[in-house]
């Protein structure tokens, strides 16, 4: 068996969003503790080499101009050519557009979830898995991966 | 936003394997009832149009020559160009090789699981999601998608 | 085998609380849709006959004087001698006290959860199961069942 | 609030059964690794003090005469007056009868599951929780707790 060239290092930037929200027992609200990315990759027995970096942990409705600038700066500076960004769904397309106009020579896939991962019925696991597949196979450009579909933003 | 061309109909052939095993309360053994593919796609809120067909429900160690012939015949006859096959992990590569030598002008991705989907800790959801992404983006050939990695068999 | 006298009809009054909270995808908040009591009893394969009635669906911090009066009135009027009440944890003891001073000739067990049932890691299933056991075996009085412990309020 | 006398030390004897079965990835069979009792109690946030001891890890169809003798001997020797035994469902009543004729001055509750705990849809959590409640409230005798019902064997 001839292994296909899949195993290039993938950068994962965590920015928060529904996907990573936890339940706070003290006040009954949802909040951010830390990312669940590592346990998700372990559950999926992912063999892909990843480099996870948490940039922020915010609801994407609270994402400010300078937050997006940080994301762009980090994507530009990353040595990896394949980047997955976890992001709140509300302003996912805004970040995609800001990234798109930079025309970085990289494949950037933004993903997230409608339901927190810690809820048994989350779509997050599915979306992360498809994002990790898309980032390895799509040509340079900025994409959004949700619901197993992949939406092209800019190339 | 310019939607990327992702939404071509995908054929899913179900053949059984660990992935679809259920627990039989009466005798305490694992067995096949029916595929969980529909509930998995619903959980992942998949927007991709799929056409699911169960070819067999067998442990891949019990897969016979004529079972593989049926899989090849069905893949050849399918009008879809993108095909995902769920399959037991033990003989996954055998089926991939049999399919590969046919050089069908289609993208065929074989996937499965190490743990039954009905177990809370299954890798199946992850593998299915990545297979559905790979099948939409890889060029014609036969591939195995496990652990978010994609192994090329023949093109 | 001589079946023990366990199968008297149990009344379950649902009042809301963390236990029954769902995740609202539209605004990312927790809210009440409807009780999960039926699916919980199905999961536990409960053979006990129950009569479920939703009195209200509120966070117990928002529970008003007249809400507690309704609970008391309903408990007094119930023909069942065994009553389980699902309730938010914040003011569980308040309701227990209001019920306790009525000295109803019934066994009333109040229970709830620290984590919503729909979260995979909820304590709710455990608490409901123990409440259903306690209500069948304790003498008349008002009790709180949380964490497999049972706290006596009044008799 | 006057705490009710619930917190007497409870002995838990583990004997195996469906409840504790794990999935063996290597050969696709169910097998015993070790008991899940500790994680179940943690999930239920049990505040009850327990003393867990694994006597054996067997399918109850494979339970021999001397296995039951060991269970009886251990129950007789235990300093605790409240004992829960996890057990395969197939021969649960046999063990209950053997224990019943000894007329130990203890409350012994036998429980188990129809589906392994590690399966997402197990009834095991429910049964354990109700067993822990029953063992604290029932008078001396041997009982089986399944499906939230409690069946009296001997007193």
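Brief remarks follow.
Note that the chains take the letters A, B, C and D in the order they are written out, and that residue 1 is the start of every chain.
Assume contacts are C-beta pairs under 8 Å (C-beta built on N, C-alpha and C of every residue); 3 or more make two chains touch, one makes a residue touch a chain.
Bear in mind that the values here come from a model prediction, so they are computed numbers and not experimental data.
Counted as hops between touching chains, the shortest connection from subunit B to subunit C is 2. Judged by shared residue numbers over all numbers used at their interface, subunit C and subunit D contact each other through mostly the same positions, with over half in common. The chain with its C-alpha centre at the largest distance from the centre of subunit C is B. With centres defined as mean CA coordinates, subunit C is found 40 Å away from subunit A. With each centre defined as the average position of its C-alpha atoms, the distance from subunit C to subunit D rounds to 25 Å.
Inter-chain spacing, taken between the CA centroids of subunit A and subunit D, is 44 Å.
Annotation for subunit A: residues 114, 120-121 touch two or more other chains.
A ring topology is adopted by the chain contact network, closed into one cycle in which each chain touches exactly two others. Contacts between chains, counted with the stated touch criterion, involve the pairs A-B, A-C, B-D, C-D.
Listed in rising order, the residues of subunit D touching subunit C in the complex are 1-7, 41, 43-48, 93, 114, 121, 123, 125-134, 136-138, 143, 145-153. For subunit D in complex with subunit B, the residues that touch the partner chain are 18, 21, 23, 25, 28-30, 59, 114-116, 118-121.
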